[in-house]
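Structures given as structure tokens follow.
In what comes next, chain A is part of two complexes: it sits with chain B in the first one and with chain C in the second one.
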Partner chain A sequence: MAELTEKNINKGLTILENFKDSKLLTNLNSCVHCGLCAESCVYYLTFKEPYFVPAKKVDLISSIYKRYFTFIGKYVPFLANTKEINDETAKEMVDLFFGACTMCGRCNLHCSIGIDIAYLVRTGRMMLAQMNLIPASIQSTVDSSIKTGNNMGITTEEFVDTIKWLEDELQDEMNDKHARIPLNDSNVNILYTLNPREPKFFPLSISAMAKIFYAAKESWTISTKMYDVTNYGFFTGNVDEATVISKRLYEEVINLDAKELILAECGHGSRAFRWEAPNYLKKEFDFDSNTSVELIAEYIKTGRIKVDKTKLKLRVTLHDPCNLVRNGGILKEQRYILDQVVSEFVEMTPHGIDNYCCGGGGGQLAMSEYNERRMKIGERKAEQIRNTNAKIVVTPCHNCVDQLMQLNSFYKLNVQIKTLAEIVADAIIID
Partner chain B sequence: MSWFILISKISFALCFAFCIYTLFRIISLGKPKDYAKTKGDINSSIKYSYTGGMSPVKKESAYLHLPTYIAGILYHLGTFLSLILFFLNVLGINLTNYLIIPIAVFLIISGICGVSILIKRIFKSELNSLSNVDDYISNVIVNVFQFVTIYYLFYLTPTYFVISAVLFLYLPIGKLKHAIYFFAARFHLGFFYGKRGVWPPQN
Partner chain C sequence: MALLEIEGKAFEVDGDGFLSTPEIWNDEVAKLFAKYDGIEEMSDKHWVIVKYIRKNFEEKGNAPMIRSICQETGVKLREIYELFPLGPARGACRVAGLPKPDGCV
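The block that comes next holds the complex of A and B.
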């Protein structure tokens, strides 16, 4: 951990000092310590320790706020157990805000008051970013994005090679020499993004989406300069870096004169751009940013692509990514799609906005120091999957795919994990 | 005017001024300036946040903890009732005898609920580890206020006004101020979910 200096502490405190609106003030002053949020959090449900009750995170940041900025904290600190920032508090902040929360927001829905606990965790991370205390593991992901344009450090040459190879495959599959995966075309309808995991580890999901675009006869392109939908700056709390990453994607839409940006199946990436980027850049965007989930649902609804739901006979279930569903309002579209492309679909219990996080959110997959915790909290998701008796788990998020794959082998679930595009591509009928 | 009535009135005035100041601060800071394009219906979501979103069937904090939830609701109702009685007393409005007994019974029940919450706070490890001195003081003050209100329904006592004064003076300092922030928190949650089309729920 970096050294905690007076200067850094003061920088961290600026996050709590300057209220831009009443949201932070409200959330810092609302917790009644009823403890009733405990059972809504996968961490508490797994470990059953008071330390993992969501309100502990609320209490930590509130007690720091009270210590420095309220009458009670200055003159009767023992009354509200207010906390000074010192090495011990800083360690607790890192562990609770980074290592014990996926920012899934499930507790927000169930808090007896209605506190946005995930927002306070994010505020805590912003303080740690100011204090230079972001865990090195997740920071390296951001560094890679800033330096190379994508979080996996894939070179442009390597990326173009992969896309060209996938284009050849598409042409073979479609038996059409004109089938393309267009790169850097301008004046198109859609600029499509990717999660860098796709070119690196899961190229078939790019093929799947290319097949969907081909079937829909879409005018689209991928930028070789900025295709990365992810923004780990959102998770680290470093607003400046998150802004740099968002700005690059924003500028690429403008440069290529695309009418719409389609965000790939990545929960946090789509959240970071659609909901946070306009605020990072402090402007309303003059183009639409939608997710591929919404786009595919639209293609099917309007008949731009035809699908055959009888092709897939296996039982399918759906994992709802927290960032897409509880924090992004996309709920019906993936269900509509699955209803059209699979013959047997079964919901998990609970699902939708009440779904449990898979355990990989909030940047957990990028912080290997918390791997053991991450796999343990994933047990609830593993149980949910097992209870459905499904053979395929579909999830419109590459981050969730990664976590679910690890859960699959760790808990011996014996299922296949697929993205929505992959399952749709398998059901497509090409005229 | 007796000294004890006077101090309770002054304390109430201070408390009221604090509440108005807090409310004014919340309103003047305003809602977040969110540049993202709105997906849902913010107004409906805010409405839902104060209504359906608080329904016990929607919240695990209620349906997984039904006894605590009911005790909490009764305890809060008892507090509001005690406050209303305080205003009536100060205004010199007397209750009819028919009302006194049911009110006293209700306040005994709500007071017992408050004590049960206090006991739970002391003995349940999750709650205990979350709690600070303010939590205990707030609980005790409100409980004493409810019990002394019952006593005052039958016998006049200066203690009633002194306890009321303590409650009003303590409210701005400790967690009792959630009485104001609660409404702002529900607003913000409704705003956030409405902007993104999460609330009102689609399923």
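The block that comes next holds the complex of A and C.
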């Protein structure tokens, strides 16, 4: 951990000081300690220790606020629940805000007075970013994005070679030499994005989406300059870096004159761009940003792609990514799609906005120091999956896919994990 | 930093079980790491993938693209996921003694 200096503490406090809006102040001052949030949190449900109750995180940031920004805290701090920032506090902030929260927002839903607890955790992370205390493991993912244009450091040459390879495969599969995965075309309907783990290690989802675009006869392209849908700056709390990453994607839509931006199956990436980027960049976007989930649902509804739900006989269940569902409002589209492309679909319990996080959210997947906790909190999800008796788990988020793959191996679930595009591509009928 | 013990041998690893000291890697380490992931016997196909990933790491300092792995080893894409159920990163790269790649893996 970096050294805690007076200067860094003051920088961290500017995050609490700079917010003039009532949202932060209301959230910082409203917790009534009812404890209802405890049973909503996968960390508390797993470890059953008071330390992991979401209200504990609220209390931590609230007591810091009270110490530095209220009369009683400034002059007689021992009379109130206040906390000074010192090495011990800083350590607790890192452990609770980074290491014990996936920012899934399930506690928000169960809070008796509606505190946005995940927002306070994010505010805590923003303080830590100012204090130079972001864990190195997650920061390296942001550094890679800033330096190379994508979070896995893929070179343009490697990327282009991969896309050409996938394009050859698509032409073989479609038996059509004109089937394309277009790169850098301008004036198209859709600029499509990717999670870098797709070209690097898991390209079946790129092939699947290309097949869907081919079947829909869509005018689309991928930019070699900026295709990365992720924005780990959203997780680290370094707003300046999150802004740089968002700005690149924004500028590429303008540069290629695309009518619409389609965000790949990535929970936090779609949330960060769709809901946060206009705030980061302080401007209203004059193009539409939608997710591929909404796009595919639209293709099926309007008959632009034809699908056969009888092709797949295996039982399928669905994992709802927190950032897409509870924090993104996309709930019905993925269910409509599955209803059209699989013959047997079964829900997990609970599901939808009340779904449990897979355990890999909030940047947990990138921070190996918290791996043990991550696998433990994932047991709940593993049991949810097991109870469905499904053979395939679909989830429209590459981050969730990776966590579920590990849960699959660790808890011996013996299921296949797929993205939504992959399951749709297998059901497509080409005329 | 953590200690991972497989069949009486201890290895320094990160929280995700990736080798902290990639330079100590050898065939024996690969076999033990594979075993830990449930791969009882490394087949020829396992070896050709792991050796290629290792060679790329030693020459370029990072994990190769899946395209290179497929084209250089001749193993089909879907087969790689069957050979390494944890995937090319947490599966094959870990067995090849690489550090954990950045990103959603």
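To be clear about the criterion, the second predicted complex is superposed on the first by the 426 of 431 C-alpha atoms of A that agree within 3 Å, B and C clash if a C-alpha of one lies under 4 Å from a C-alpha of the other, contacts with A are read in each partner's own complex, and residues count from 1 in each chain.
One rule holds in what follows: contacts are C-beta pairs under 8 Å (C-beta built on N, C-alpha and C of every residue); 3 or more make two chains touch, one makes a residue touch a chain.
Bear in mind the structure is a predicted one, so any value in this text is a computation, not a measurement.
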So in the superposed three-chain picture, is A:F69 touching just chain B, just chain C, both, or none of them (first/second/both/neither)? neither
Once the structures are superposed on A, label A:F47 by its partner contacts, choosing first (chain B), second (chain C), both or neither. neither
With the two structures laid over each other on chain A, which partner does A:Q406 touch: chain B (first), chain C (second), both, or neither? second
First (chain B), second (chain C), both or neither touched by A:N279: first
Who does A:K20 touch here: chain B (first), chain C (second), both, or neither? first
After lining up the shared chain so the two structures overlap, which partner does A:A80 touch, if you call chain B first and chain C second: first, second, both or neither? first
Counting only touches as set out at the top, which of chain B and chain C does A:L365 meet: first, second, both, neither? second
Return the chain, chain B or chain C, that is in touch with more residues of chain A. B
Residue ranges of chain A touching chain B (in the complex, touch as defined): 19-23, 25-27, 29-40, 50-51, 53, 55-56, 59, 71-72, 76, 78-81, 108-116, 119, 274-279, 281-285, 288-289, 325-329, 331-332, 352-353
Touching residues on chain A, where the partner in the complex is chain C: 140-141, 144, 151-154, 158, 161-162, 165, 195-197, 199-204, 230, 266, 365-372, 398-399, 402, 405-406, 408-409
Of all residues in chain C, those that touch chain A in their complex: 14-18, 37-38, 62-63, 65-68, 70-71, 77-78, 85-90, 100-105
Complex contact set, residues of chain B against chain A: 25-27, 29-37, 39-40, 49, 53-54, 58-62, 64-65, 68-69, 72, 121, 124-135, 137, 173-175, 177-178, 181-182, 184-186, 188-189, 192-193, 196-198, 201-203
